[in-house]
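For reference, the structure I am asking about is given below.
Residue numbering begins at 1 within each chain, and the chains themselves are lettered A, B, C, D, E and F in the order written.
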Amino acid sequence: MSEEVAAEILTTHILDLARSGRRLDGRGLDDYRKSSVVPGFVASADGSALARIGETAVLCGIKLEPGKPYPDTPNAGTLTTNAELVPLSSPMFEPGPPHPRAIEVSRVVDRAIRAAETIDLTKLCVTSGEKCWTCYVDMHVLDHSGNIIDTASLAALGALAHTTMPNVRFGVAEADAPLAIQHYPVECTFARLGEAIVIDPSVEEEGAANGRLTIATDEAGNVVAMQKGLIGAFSPDDVKSLVDRAFRHGDRQRRLAKDA
Amino acid sequence: MSEEVAAEILTTHILDLARSGRRLDGRGLDDYRKSSVVPGFVASADGSALARIGETAVLCGIKLEPGKPYPDTPNAGTLTTNAELVPLSSPMFEPGPPHPRAIEVSRVVDRAIRAAETIDLTKLCVTSGEKCWTCYVDMHVLDHSGNIIDTASLAALGALAHTTMPNVRFGVAEADAPLAIQHYPVECTFARLGEAIVIDPSVEEEGAANGRLTIATDEAGNVVAMQKGLIGAFSPDDVKSLVDRAFRHGDRQRRLAKDA
Amino acid sequence: MSEEVAAEILTTHILDLARSGRRLDGRGLDDYRKSSVVPGFVASADGSALARIGETAVLCGIKLEPGKPYPDTPNAGTLTTNAELVPLSSPMFEPGPPHPRAIEVSRVVDRAIRAAETIDLTKLCVTSGEKCWTCYVDMHVLDHSGNIIDTASLAALGALAHTTMPNVRFGVAEADAPLAIQHYPVECTFARLGEAIVIDPSVEEEGAANGRLTIATDEAGNVVAMQKGLIGAFSPDDVKSLVDRAFRHGDRQRRLAKDA
Amino acid sequence: MGSVGAKDVPVLMSPDGKRIDGRRADELRPLAITAGALKQADGSAFVEWGANKVMAAVYGPREVHPRHLQQNNKAIVQCRYNMAAFSVDERKRPGLDRRSQEISKVIAEAFESVIFVEEFPRTSIDVYIEVLQANAGTRCAGLVAASVALADAGIPMVDLVPAVAVGKVADSIVLDLKKEEDNYGSADLPMALVPQSGRLVLLQMEGHMTRDELHRALDLGVAGCRKIYDVMRQALLDKYRADGPAPGVAA
Amino acid sequence: MGSVGAKDVPVLMSPDGKRIDGRRADELRPLAITAGALKQADGSAFVEWGANKVMAAVYGPREVHPRHLQQNNKAIVQCRYNMAAFSVDERKRPGLDRRSQEISKVIAEAFESVIFVEEFPRTSIDVYIEVLQANAGTRCAGLVAASVALADAGIPMVDLVPAVAVGKVADSIVLDLKKEEDNYGSADLPMALVPQSGRLVLLQMEGHMTRDELHRALDLGVAGCRKIYDVMRQALLDKYRADGPAPGVAA
Amino acid sequence: MGSVGAKDVPVLMSPDGKRIDGRRADELRPLAITAGALKQADGSAFVEWGANKVMAAVYGPREVHPRHLQQNNKAIVQCRYNMAAFSVDERKRPGLDRRSQEISKVIAEAFESVIFVEEFPRTSIDVYIEVLQANAGTRCAGLVAASVALADAGIPMVDLVPAVAVGKVADSIVLDLKKEEDNYGSADLPMALVPQSGRLVLLQMEGHMTRDELHRALDLGVAGCRKIYDVMRQALLDKYRADGPAPGVAA
């Protein structure tokens, strides 16, 4: 049996299940997989967290280094977000320059962090127009069993929430201090399977999906970022109802990063 | 009929026509296509022009930004010329790093601009050895129906001739000022079709050509640049007679850029 | 006869010969090919040497340019080693970004130069933490008839030993001065052919080898670098005996670079 | 969106509900579309939308490059959204940055959702978008241009795909942001609609919107898309009717 | 090794022969190996060794990418040793630098020396090593992790391949250097052993060693490898015995 | 050519018509060619011309890499003109810059104009030029070296292809510019001739020349090429006659 045929049969099966409200791994349509956040996983980083959603695992490390503010925001530090979809984590990923898929993950996480004002970038300014902190958020995907965006975002939030500013190492202040977190954005991703829409898709469901929608919410009741992905479409009513679902699931995931 | 066979038949036909002094689009051997220059096409540039020769279209935008003089020319600004043969403009162009063909176009145009002393680079020096203007000449090919070099060169000249130095934006002087043009180089390209040599080749003629020669002249009677391209050869006598033809066509094209 | 079959037959033949202590080019197992060093081959470099081992030829050029010390070694100049395995030198090399093979050559040579303290990097410091010399060691492989590492290393040593510091050109001192050499590391490479181990392998022997070992020694009786390469293995006793062979051959090769 | 730590923030909304350029909240910028603007491409369109100028071209269905992307049961849709060096205030280095690569991806996915790709197995449909002058909303302008170019190339699709961004500016939900509104506003929500099905094939968002604001934004965007749809259809009609002036860059 | 012109050099060896972290000369840092640490990979292992954290995964035998590397008579072994941006003190730019490329090459050659590649013509066996936290000896830790991952993937090999670095620190030959010893010591000699044949498939060295020191270093390293071998075997036994806790990153 | 805003300009022409190195206007720099200078290449040549040192090698006809460039009815000619890092005053970063890529293109086109490419369909003839020491005129020196290397490799051609640059220095038209003349002169015109047909297969020019000056420059260049042609022929004769000293870099 060729790979294509096998994939097609699996897709048919997943769609059949979804039609009757069931999923391949036994979850209900609105069941999120068990998630966890282990902060401080990497001692060489200024902050880090290993996030897991089901068997998907992403390790995020934060590094703070002295830099120069952008000319148009002289009173703010800078934030650089990068996701590495290394080939270790999935048979689908190949070595080489960043794939658009990896770029999308990093940009979607970046948008949520930025739009939610997760950290106050003006606090990362040391001398106006001259010197600031550059905050590197590096997400390393270790195991891709579906829903990388939510897992990467959870790892990033968990890492930022447990970051120490290395003031002493770089001679910026006399003592290191925790990085202050203002808001806690959480991404929540859905996949359309026929007319059903499931939360937190597995890798097999992503392969069968006709449309993916990620909605990031903060703890104050705002939507801060969205991204539709894959081939497929959502009606405005779909989007409205998914926003409600995203809010419902947001607080639980947020607590994982915050209280880890 | 395979693509190769079709191409071979077209080549044979074009060469047959040329032998009797005729061309595929009805022009005579020394007829240049109708050309036009629209200056100021792009408001986001400091200078711009859309040049068209027949259906070939190139948009050139000029940007002036503060930079640093080269150590060996401390009293001169710098000039950077770049041509993008984007895949939008022709089925022959592919996405990816700059193809040697694109590099050739930009270098041939650059040579004519530089050798003709189109702009006085010493006027782009702000502080000797410290600060100067960098003049970016970016040529964007939009429709490649043959003879990109002449079209790109015409667009560049038209854009330079309608450029404003953004003195105010960069705090260099109290008022913006037009960029002064000293000389007006014009490229004129020929293609050998068997023993006939046609001016301003179409894309089909370029495919059939055995040799291409570009000759740039200025308004004072100098040849300022030449470039032989493609597989093929020209005798010294060919070159001498083509120089005369290039001079004859130069003034008309020059006026398009100057008076646009 | 296919290329693979031809290669396999040659390998079998080389291994058969080695079993009885013989080699394709008539040498004994411990015979090093005739080597030579021509210093000053390139006038545009601050130092240069053309090294040849048999028909393998590598040209090394040294350039000294002002730079900035690394933050963690403020009192030392910097050394940059690069090997270009240009496609001119072998049918096996292709154009493109540096192949891991080229990177290995440059890193192995670099390790020997650095570990042997061939030059005293602190002498390349001009102003602590501010200004230093950057010493570029560029090795250009011209003819790859086997054993590039030893040849490149010999060229590098020969070039360094004949380098003049361009003090005047860069306004660092009133007179140019020879670059002082402290130690003379020499690489010696072996290839395993079955159970025999030959010195200075030819390109054909490298193709047949099951394991390569390079040992760099200095004139004071130290091993300063080693590198096992290719598919294959060496026992610790193999290594110990090869170290003795490397010491035996080192002085002769060293003299070539030193006295050239 | 990039306003953290910025210097001067302009007034984006007047007391009487007029925007920085005088538009009402639900008003589009002027939009002009020329179908068939290029000679070499199989289909093309030039869009002037406010101060945006965007050219799109379509090639295909044709052979797939690189080959290993070929699919046996359908065409693939490849998109390259690119900004000219001179299209923005500060010169942009040629080549696709990360933003352009992300936009290329979501636009390709949007079109692959409406093109009948099963009809052209083992081929590629290549969509090229060149932003020549940028003033916010270029991805939507590019999508609109490319959609007309696909129709001009005769590629069978479910429907044309209009697109527009909705934003939040000084607490108002407004249609079709221009540059200052995008830079200093508090939310940006670009979307692309399939009018026939009423579904969105592109949807992104960044900023702050409550549940209620988001609902209004979606409704405003869908209404805006339907207006843009009419302009797109008219551009194609004009082209078919007259086969009029020779194709070429509108000058 | 990078100590020329450096500022402060720590005391690496106490008068009573204790190293900077209290170890004896022939003592290894603590080593923990989890076989089967990942779900997607065909085989995997997570290694914590001193302050190193390294993950390895194996895929294959599978189709060769890029195709032209395919060999008709055997599998090829491809290795990618990569360091995470946050794994070292100063953030490392993502992507393979020259050091990583060299290490990838010698590790691939080491494994191709022990895998029965003739059994899988026209395929690739892909070995991926991700260094998550680095503290000297990462190439050996990576090799150990990858070797267990290969076994976990069921790839037939002559033997497991333990690896360790020996060094010279304050004139002593010591086993398994940690970061300060590597930075300020005077020699570093990483090696990988095939216990079954007693031969080395990886061997590198940089620094200063006399003939005699080198002999002792080789012997010390071989003895160290045999201890590591036992830990590797135990990790696989634990995995096979229990098929125990679901595979996943040890947390 | 690069003299705008430069500091000191040397005297390039003495009152009695002697050039900076004492040559007359129509005089070549010393030229020595060694055919068959390398062992591995199918054909090779080493050229010392004034203070230029250039090595060329030819491989082929052989399989085309990358494959998709293969042509069914003829061989393709690929050329790579490269400058060693140490070949110029300021160290050049390794790899092909834009100038080198342009030169590679025009040289490949020059050779494809004289090689009987139809005889070797589906193959590549690869021409490699390495500039080891540069002093103006390297593209011509490279072309001369490569032309002899092609003959040494037995590639069938219409003729050898001599090349030389003509320039304008202090209002005189002079043959074979050296570095100072190239830097501070007012025109540079490199050309390559097919002596058999009297036609030029490479021709470039930058600077200022009147119609009349250009005519004289062309004539002077053609005459120069014919002298160079003799040296090229002699080099090949020397090689064939003696098969003399073992091939290898002339030292």
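Just so we're on the same page, contacts are C-beta pairs under 8 Å (C-beta built on N, C-alpha and C of every residue); 3 or more make two chains touch, one makes a residue touch a chain.
Everything numeric in this text was worked out from a predicted model, so none of it was measured.
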item: Touch graph components, with subunit A removed from consideration; value: one piece
item: Required steps from subunit B to subunit F (each step between touching chains, minimum); value: 1
item: Repeat of interface B-F, chosen from C-F, A-D or A-E - more than half of residue-number contact pairs shared; value: A-D
item: Whole-Å gap between the CA centroids of subunit A and subunit B; value: 48
item: Between subunit A and subunit F, centroid-to-centroid distance (C-alpha), Å; value: 57
item: Chain centre separation in whole Å, for subunit E relative to subunit C (CA means); value: 26
item: Subunit E: positions in contact with at least two other chains; value: none
item: Numbers and ranges of subunit C residues touching at least 2 other chains; value: 98
item: Chain contact topology (line, ring, star, complete or other); value: ring
item: Sequence of chains encountered when the ring is traversed from subunit B in the direction of subunit D; value: B, D, A, E, C, F
item: Partner subunit C, residues of subunit E touching it in the complex; value: 1-2, 4-7, 72-73, 98-99, 101-102, 104-106, 109, 112-113, 187, 189, 194, 197-211, 214-215, 218-219, 222
item: Subunit E contact footprint on subunit C (complex, rising order); value: 4, 69, 72-76, 98, 100-101, 103-104, 106-107, 111, 114-115, 117, 121-122, 125, 211, 213, 221-236, 238-240, 243-244, 247
item: Complex contacts: residues of subunit C adjacent to subunit F; value: 36, 38, 41-45, 48, 50, 52, 55, 57, 59, 61-63, 65, 82, 84, 86-91, 94-95, 98, 136, 138, 140, 142-145, 203
item: In the complex, subunit D residues that touch subunit B; value: 38-41, 51, 53, 55-57, 59, 62, 65, 80, 82, 84-91, 94, 126, 128-130, 132-135, 246-249, 251
